[in-house]
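Just so it is clear, A, B, C and D label the chains in written order, and each chain counts residues from 1 on its own.
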Amino acid sequence: MGLAGFEVEVQRETRDGGLATEDMTLSMGPQHPSTHGVLRFVIRADGEVMKEAIPDIGYLHRSIEKIAEKVGWHGFMPYTDRVDYVAAMPCNQGWAMAAERLAAIEVPKRGEYCRVIATEFSRIHSHLLSVGSMAMDIGAYTPFTHAIREREYINDLLEELCGARLTFHYMRIGGVGWDLPPGWRDKALAYIKRFEPLIDEFNDLISWNKIYTERLANVAVVSARDAIDYNLVGPNLRGSGVRYDVRRDEPYSVYPDFDFDIPVGRGEMGTVGDCFDRYIVRIREMKESCKIVRQCLEKLPGGPVIAKVPRNFKPPAGDCYVRLESARGDMGWYVVSDGTAFPYRCKIRTGSFAAISIVPKVSRNLMIADLIAVIASLDLVAPEIDR
Amino acid sequence: MQEFVDGLVANPSWVHYLGAMLAFGGIVVFGFVLPIAGITTWVERRVAGRIQSRIGPNRTGPAGFLQWLADGIKSLLKEDIVPDAADAPLFKLAPYVVMTGFVGAFVALPFGGPLIIADLNVGILYITAVTSLVVVGILMAGWSSNNKWSLLGGIRSAAQIVSYEIPAGLSIFPIVMLSGALSMQSIIAEQGAAPWRWFIFNNPFTFIAFFIFFVAALAEGNRTPFDLPEAESELVMGFATEYSGMRNLLFFMAEWGNLYVIGAIVATLFLGGWQIPWALAEHPVPRVALQFGTFFLKSYFWVFVAVWLRWTLPRIRVDQMMIMCWKYLVPLAFVNLLGTAAWMVVFPHGAPGVPELLCVAAAVLLGLFLRRVRYHLTRAGLKREELSYNILATERIPGLG
Amino acid sequence: MGLGAYLRNIKDAALTIADGMAVTASHLVRKPYTVQYPDRLPEGVRVQDTLPFRYRGMLEVDLEICTACLACERACPIDCIVIDATKDKAAGGFVMTRFDIDMAKCMYCGLCSEPCPTGSIHHTPEFEGADYSLESMVRKFVKAPVLAYKPKKGGETDPEIAPILERGMRYIAEFASAEGGGGEE
Amino acid sequence: MAGADAVGGERLMPALEAAAIHARLKARFGDAIGDLAGTRRDNTCATVAPAKIVEVCRFLKTESGLEFDCLSNLSGVDYPKRSVIQVVYNLYSYPHRHLFTLKVDTPRDNPVIPTLSGLWSHADWQEREVFDLLGVVFEGHPDLRRILMPEDWPGHPLRKDFVEPEEYHGISTSRESLLKA
């Protein structure tokens, strides 16, 4: 990889006392405790204060888009879990929706409800990991274990639903692979009832902690205009005050049947759009997801969970651009089909790829410890960036 | 020590005395000081496990008590690498400088009436001086390992420990003024056994001075929220990045040892040290044992509080750490110093009802805190069988799949 | 920063730290959640048995009811299943000489067990698949050439194949509920 | 720009249908814009001549009533049969909540398109990815380098005729299967 493209010109200043100072070039990553996954930042710092942080991505590039052209439509579904293995269900849903839109397949109501339950659980699952590891990056280890403990419950529920704990491969083109197992509904409702007060306990433990808010307030402020310009999406966009959610503003699946509101950053601890806002939007979104899952489980209709889709699936030629609200914001699937059994082209535009492109802009004159907070607050996840 | 050696050897020369002293020192260090550091690790890992809904070490020895011995032996057997780009002599010397800083403090710690190695008349001054050797060792380690992360860690620790010496020192002065002497035993002698006779409740200023001293001592011991020099999530391992094997263990043994030293100093200065209410003059052995026990309990309670703080609070940033020291702790420490001086002028023999009042106030604060703890328990909706008051329990929450 | 803000900072810090410590104190009296796997499990409990029915662990093939239709080999996106079956008039059907699954490459996606007509290839709750070499990760199911199973019209009568077939059908029924919509309402 | 005022979240301005957007484009740029294609809302698109793409996008971004302030997606598709690489721009407007797609065809052997990183900052990285994986050169791009593949990686992987090199710096890129016949 070398330093090609990262030649950082080293400034050597001699201050008045004739003392020569020199910038320090640090390579943070790809093996670093708090770059989530294999990310690398070349930092030019004057002591602790960073002058520039240049991200260097590509370490986890498996070229999933090339694999899509090699395996058939059904065969690519397990690979979509690997696009963002922290929140795998929305990726399944994206691929399934793209194929259904191309072949104009109508998914039965119960299948759509199962999808919404699975996606919302996967969103809580991913937010718990993001919020927990953000607290650990700032230095508090206990909230991480509490978040992971709650996440284990969701792992068990989803394991019972579809048989896997991380790469679920639960959804199929035309619906979902399995129906809810008997007794699962009450377990899920019991979990939600138990989980909601624990979010408040998590907040009391860490979110309102003075040291925590001091570390996050007014750090890496992103204005609404910059957020839209850099195509920040999801909690990163809502943290900057733009009240936009694909589930409500570009409704898809059965989301219009539920009412939930969209938490937005209000600059409680500093200015709108700082690290704390992005963090607190994620926490409040977990509560909204609980509301959606509860409504979903109560209004669950009967009927089949998957439509009739031929095993050798050949959608008509054409292209489509599907957008859905994944845990890291609005994920865009641009899929082209040429009528054969193999997808012609599949481009996945993810939230983290946009979020990491803003890091050089916001990280000027921050401290190295703040860069860790910025990475965590933007919820960067390496597989999504490199695909 | 002199008569003991004379009894042993016919005409002892200075070599015999040196040998006896080293032997005695070795016994005390390896028999008492290092196990204390080890036991503190065990306390920390068990309490941390419990706070994080897990168990902590419970395989080696009863309830995992010999975990520290296992870690020690493992580190001894591990290969300790000296990076070739590192400045080898300094690199190898750093851990021992830190260890001398930690072990040196035990000389003046009063474990009981007669149980003190050397009752120096400059007791607390000596301890403050010796514990600041740690910063020399850490800076040496950070700079000599020729690694950018360690350099950052070393510089941070230099800034932190040096600047937190000031509030720590300033909050010791009121106690020294009250007791009129620097020696640890006489500071304890000035305080009585009953809580309202302790210096902490003597007047409101020493009450605040206690908290400032505790926070500053945490910063000196590199404990969260001030564990910047060895910040795992930012600087990989801070100053100890290049260390491995026994050298690495020496650093962390010194850190946990310092935690006990903080507890001991706090117990001595503010909480009446080994004072016990009963005289028991006629049978000395149980009296000294009881004194040793109360001193041990008091200092281990504050070790527990430091561990509890570590697993609750996040880490502070470097500039915030400096702001907190120079803008918050140092001014308050000056206010306490002047306040105590004024207090002593106004009430030469201590204000009549104030210690008792402060004691009651502290009890009320504790009551409010426990009410808040019960509120968290009820809000989390925990059933009776999900609770267990035995902290070493390893049995799992029932009903989980 | 006025005196008001100064004092408010101190008050905020003190109160929020105290509240955080109250939460961790409440955890001191709660029982742990962790399972002491693998050596201190409660008596007679095997973790594999506690896993749900649909858990997708290591693959297993019941050769007695395998009809050698190669549906699983085609469905696998990674091509980690290889079956050699030749038509043999004398034996009256297909004879399988090789049925290998490369468990090192398998991603446990379950696409092979869906099209299987008799449910012979299925996931087991077994997950401890660690091994010493990559070669030994290749599971060879066919020891000696075996005749492929031919499903009988009137249902299976042979006593020692019937339970296997019944288990296979129950495994497929789990998917059938996806089509059949057998939700519990 | 209006994007920020959508903070309140309620739609501030009416959403235009794709046909209306296309009509305004046709009125303004004439034959540089191809005719409207696509069956559903999400893939209604118009082809644009490569030379005019920057003016078209500036018009779409700044024109009141259109205000596409977000380049939602930029993807490259390789069509060897038509020997063309097509770059697809999915544009979205937060104040209006309407979306439109532009397609630009460039010759496959020497694909060159003017860059849009002046208009939308996110175009910078997306164009670098299309350059890296498909080899489309974006003129005027501030920092056109490979973003995902190593600097000295031969060829562009997402092209249909890409053949993976045997090894890269001594590391073989394939592993013979354990399931030998």
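FYI, contacts are C-beta pairs under 8 Å (C-beta built on N, C-alpha and C of every residue); 3 or more make two chains touch, one makes a residue touch a chain.
Not measured: the values here are computed from a predicted model.
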Check your understanding: With respect to inter-chain C-beta contacts, which pair, C-D or A-B, contains the greater number?
Key -> A-B
Check your understanding: Between chain C and chain D, what's the gap in Å when you average each chain's C-alpha atoms?
Key -> 41
Practice item. For chain A and chain B, let me know how many angstrom lie between their CA-based centres, rounded off. Key: 42
Exercise for review: Averaged over CA atoms, how far is the centre of chain A from the centre of chain D? Could you give it in whole Å?
Suggested key: 23
Exercise for review: Determine the centre-to-centre distance between chain B and chain C, using the mean Cα coordinates as centres, and give it in whole Å.
Suggested key: 51
Practice item. Scan chain D for residues touching two or more other chains and write them down. Key: none
**Study point:** Residue numbers of chain A (touch at least two other chains)
**Key:** 142, 149, 201, 204-206, 209, 211
Check your understanding: Which positions in chain B touch two or more other chains at once?
Key -> 51-54, 311-313, 376, 380, 401
Revision key, fill the gap. All chain pairs satisfying the touch rule are A-B, A-C, A-D, B-C, C-D
Check your understanding: Which residues of chain C touch chain B in the complex?
Key -> 6, 9-10, 17-36, 40, 50
Review point. Which part of chain D faces chain A closely enough to touch in the complex?
Key: 1, 3-4, 6-9, 39-40, 42-43, 69-78, 88, 90, 94, 97, 101, 120-122, 124-126, 133, 145-151, 157-158, 160
Practice item. Would you mind writing out the residues of chain C in touch with chain D in their complex? Key: 79-80, 82, 84, 100, 102, 104-105, 134-135, 137-138
**Study point:** Partner chain B, residues of chain A touching it in the complex
**Key:** 24, 26, 32-34, 47-48, 135-142, 145-146, 149, 156, 194, 197-198, 200-201, 204-206, 209, 211-212, 214-215, 367-370, 372
Review point. Which positions of chain B touch chain C when the two form their complex?
Key: 47, 49-55, 308-309, 311-313, 328, 369, 372-377, 380, 382, 386-389, 391, 393-397, 400-401
